[in-house]
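After this come two complexes, each holding chain A, first together with chain B and then together with chain C.
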Partner chain A sequence: MNNNKWTQHVYAMELRKIITYRADFWVNFIGQTIFSIIISYYLWQAIFASQGATSMKGFSLDKIIFYYLMVPIISRIQQGEMIGSISREIYDGSLNKFLLYPMNFYKYKITTYFAHSTFYYVQLWLIAFVYFLFFHRGESFNLSISNTLIFTFVISISTLTYFMLHSITELIAFWADNIWSLGVITRFIVRFLGGALIPLAFFPEWAVSLLYYTPFPYLIHFPMKVLFGEIEYSMILQNTFILIFWTIFFYIISKVIWNKGKYSYTGVGI
Partner chain B sequence: MRYLRLYIHFVKFSFSKAMQFRVDFFFRVLMDIVFYLIQFVFFSVIYLHTDILAGWNIEQMKIFISGYIFIDALNMTVFSNNSWWLPQHINRGDLDYYLTKPVSSLFFLSLKEFAANSFLNLIIASGLVWWSISTYSGDLSAIKVFVYILLLMNGTLLYFFTHFLFLMSSFWTQSPRGFADVFYSVAHTMERPDRIFKGTARVLFTYILPFSVMASYPAHFLLEDFSIEILITMLGMTIVLFTALMLVWKKGLSVYSSASS
Partner chain C sequence: MIEVKGLTKVFKVHKKEPGFMGSVKSLFFRKHISKVAVDNINLTINAGEIIGLIGANGAGKTTLTKILSGIIHPTSGSVSVLGFNPWDRKNEYRQQMSLIMGQKAQLWWDLPAMDGFLLLKEIYQIPENEFYESIEYLSECLMIKDQLKVQVRKLSLGERMKVELMAALIHKPKVVFLDEPTIGLDLMAQKAVREFIKSYRKEFNPIMILTSHYMEDIEELCERVVIIKDGSFIYDGSLEKIKDNYAKNKLITATTTEEKDLQDFKASFPKELGEVTISELKLEIHSPREKVMEAATYLMNNLAIKDLNINEEQISDIIEHIMRQGKVSEQQ
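For the complex of A and B:
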């Protein structure tokens, strides 16, 4: 089987796995979307009402609701079903197959990872479509085709960045048992400092300028800026290069850990 | 008495197990500390843009935040390690092990794993409750504080009942996760003051999915004039949810096939 063929098979197999439990899938998808929108709508409506404002920090209520519709799915695109996907294999010994079979570990994992991301990516546009069809008022923001295409490109890279970052925490399982909580910590931090819980525009300016020295704003805040068309092309290019830099940086660390870790791996499971 | 003795064994066993996974122990503690920190920073950022949210100032909000953190910590310590595994047990047919024991299977399933690492977080969360109450500038009587703590414990029970009800969907869907993802989305309602919700949403989060009752009602009881309505609603919802839990559990067992899917 040539190189591309096996990745295609792995990708297709993973997609089939995701929709095995269809009832679960749809209830979770619709439920998550509805509840996250209800919670953010009422919270921000209360904040806007307390200030008697129709716009805050460049966000109207309409725009902020769309923001909270998109952001949880962006997080899901980037974070997929990653927690435990590598550490569990180290823990139970099933990593053996990657050491024996003629396939690249990173390539296999990225393929399965992107299968999940693709699914969530489709969900993202399904929700955006429903939003624009029934709820969008049209005054505060609009999406252009060019922005959505650039957004797709940026999201793909940021997904890879997150994969590399997360693989570092997963590979610590070579030396420590059960590092699930480390994955959750990473998720918490990325979501909060990336602007998933509150848009970064609401953070104090000093905090935002500090955050730009970290990869976090490039994972959520930056793609949303691209989608809203609030960032110039030169800045998009610059931020994309920074994102690529972080991806390579995390990949190098991850690879060093992998190379060291596989020699301390016993392959028998615990 | 027999059940109490059994639970003490569960706790002892869980502590010795936790000590075997020291790195995990440390990370679990760290994970919850990061979660607590984010909750306080989240509302601090919001209060940079408003003085009052849902009728509460930042001082009162701190009491509310530490309240739901306490509920989360108590749930993580006592119940969550058990709840998480329920859909997996159903999916793999592992439930047989619990059903064949000479104790209540629901008791065994919900309390077998005591999270020793989260117990440390429960101490931290209790410290946060104490800190938020002791630094509050208004008058709070000792009896009110005592009832407040009891109500937070009651809120934990409500949280656990709701969680378990969502997970029991696995009896019918056979999935290894149940409706866990929906639960975690809707559970964020507990982390928002109830008075931000209006109309149907308010009814939904009070009487059907009572997340607004879990932490907001105890905070109202502590911070506002005595209200019997709060106590009745909390107690009433506890009875309703417990009854629903027992009924769904029985129904679920009747369709449980035992075979792994």
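For the complex of A and C:
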């Protein structure tokens, strides 16, 4: 079907659904943000004090706190829907919908996924706004409009990359009775190796050069570099192509699993 | 038109022994057992025909419906529905087909039914005026107009079934699979759904396959029935023929004025004249057709009878009898 107008409907419907559960949304938002600030502030203040330095590996205290404010939300943008968003449909038989209605499963899921991402994207700038209003001292770094625009573009692609990876772990549910831990582990690996827990600048050099053969640095480390304006345009272009490569790579694996899995799907009940 | 040849579906399920040790064991070793859900089935359904699919739980009805609608893949055999192979899941096929499962909601739970319909309008690409005409017609027939703006999860079971029916028929499908559409509904709602299906059929004449445990559904809606047992068809033919061929008995119901001798009467009743059941002052005799007058005469001669009726046996009794008996051919 060429007409994709239905995806707009799905997108709007999903946004409405998210707003319906707004209490959960704000608790999650405020809770996580406050925790990130407190933990990163005290931890890194102590580290900076013990080293007696004002800057470490290109990070001032100011900048690293901003980093730790942004990164959890970037992860959330990329991780759109919760673990279980696809596997649950396989387990309880809701997947039938996608097999019965003349619509594409991936298109549908990507649309709902991006609806969630949109919301987190709004959160991201809310937090950044609050930071710049009250906490920013302006010495160590600044954001330019062009960088934030490129950042937005890069984040959208990386969200698609992550969606494809997410779909692989979720589709394992065709065979496994529970994929929750697989989802949790994947998330942890992406966060850790992507630089969400500790910036990659603090990783040993050999590890970083190895990591560049994996998709992980392109998911979190790379967009942050773009945001800080620490990367040349030619490198942005190159990295974007690498991200697209990984997206296609994961899509192919996901599609193979989907094609095999649909033979095992029982639609619940005999 | 639907054509099914040599259709077989075998499910592989893993067996887990009960208890904690069983779970630990299954971490390392898994025993798989094969369950034949559908066994070498052949079936032809013509345009506009409605068939009733009857069978006990686990007989293979739902599996067959799922294969025909393209949700699951068969192990072997071929299926053609409107010229399509269902599990190719071509959009052209899915545009013309619909499946309603009484036990499984398909509409979006968190949203009002109308929102779901509007999305389906885009998915099926239904023109604006046609869409609102359908909504008007369906909601009118099902008497559910006021509930379309309520979240699906907040509807009663009967109301939910009605909006599910609407969702399934909004694009005027040519093939409709109804898997227990009246399950769990109260008698009024069951009747309303049946009446609706009847009028819908009159209006649009789609192929319909109906599975139900309620004989009223089958009797009122289907001219042809297929009885399935352990994955195989044991009867495929008209409902009328079932009555003609299998209704070997007639049912005599009688009320007597004397209570005391009923057990004696039952004991002394000649076996060849039929089988007697008693509840308080009422008697029921399932008597062979050719002996029915004889049985009635015997009854009147031996008991003081206040009231007496002779009727055809209930279709549900006949089908239960066939299911117990196993494979039969139509000519039998």
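Note that in this section the second predicted complex is superposed on the first by the 265 of 270 C-alpha atoms of A that agree within 3 Å, B and C clash if a C-alpha of one lies under 4 Å from a C-alpha of the other, contacts with A are read in each partner's own complex, and residues count from 1 in each chain.
Here is the rule we go by: a contact is a pair of C-beta atoms (placed from the backbone, for glycine too) under 8 Å apart; a residue touches a chain by one contact, two chains touch by 3 or more.
Note that this is a predicted model, so its numbers are computed, not measured.
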* Touching partner for A:Ile19 - first (chain B), second (chain C), both, neither -> neither
* Residues of chain A touched: more by chain B or chain C? -> B
* To do: Please work out whether A:Val256 is in contact with chain B alone, chain C alone, both, or neither, and reply first, second, both or neither.
  => neither
* Check the residue A:Tyr42 against both partner chains and state whether it touches chain B (first), chain C (second), both, or neither. => first
* Asked: A:Lys5 contacts which: chain B (first), chain C (second), both, neither?
  -> second
* First, second, both or neither for A:Met56, with chain B first and chain C second -> first
* Who does A:Leu126 touch here: chain B (first), chain C (second), both, or neither? -> neither
* To do: Have a look at where A:Gly267 lands relative to chain B and chain C in the superposition and call it first, second, both or neither.
  => second
* Once the two structures are fitted together, what part of chain A is touched by chain B and by chain C alike? -> none
* Structure fact -> Residue set of chain B touching chain A in the complex reads 20-21, 23-24, 27-28, 30-31, 34-35, 38, 41-42, 45-46, 48-54, 169, 173-182, 185-186, 188-189, 192, 195-198, 201
* Interfacial residue positions of chain A with respect to chain B in the complex -> 21, 23-24, 27-28, 31-32, 35-36, 38-39, 42-43, 45-47, 50-51, 56-57, 72, 175-182, 184-185, 188-189, 192, 197-198, 202-204
* Structure fact -> Within their complex, chain A touches chain C through residues 1, 3, 5-6, 8-10, 13, 16-17, 20, 93, 96-97, 99-103, 262-263, 265-270
* **Residue ranges of chain C touching chain A (in the complex, touch as defined)** => 11, 35, 37, 58, 60, 62-63, 66, 69-73, 89, 91, 94-95, 97-99, 101, 103-104, 106, 108, 110-111, 115, 118-120, 122-125
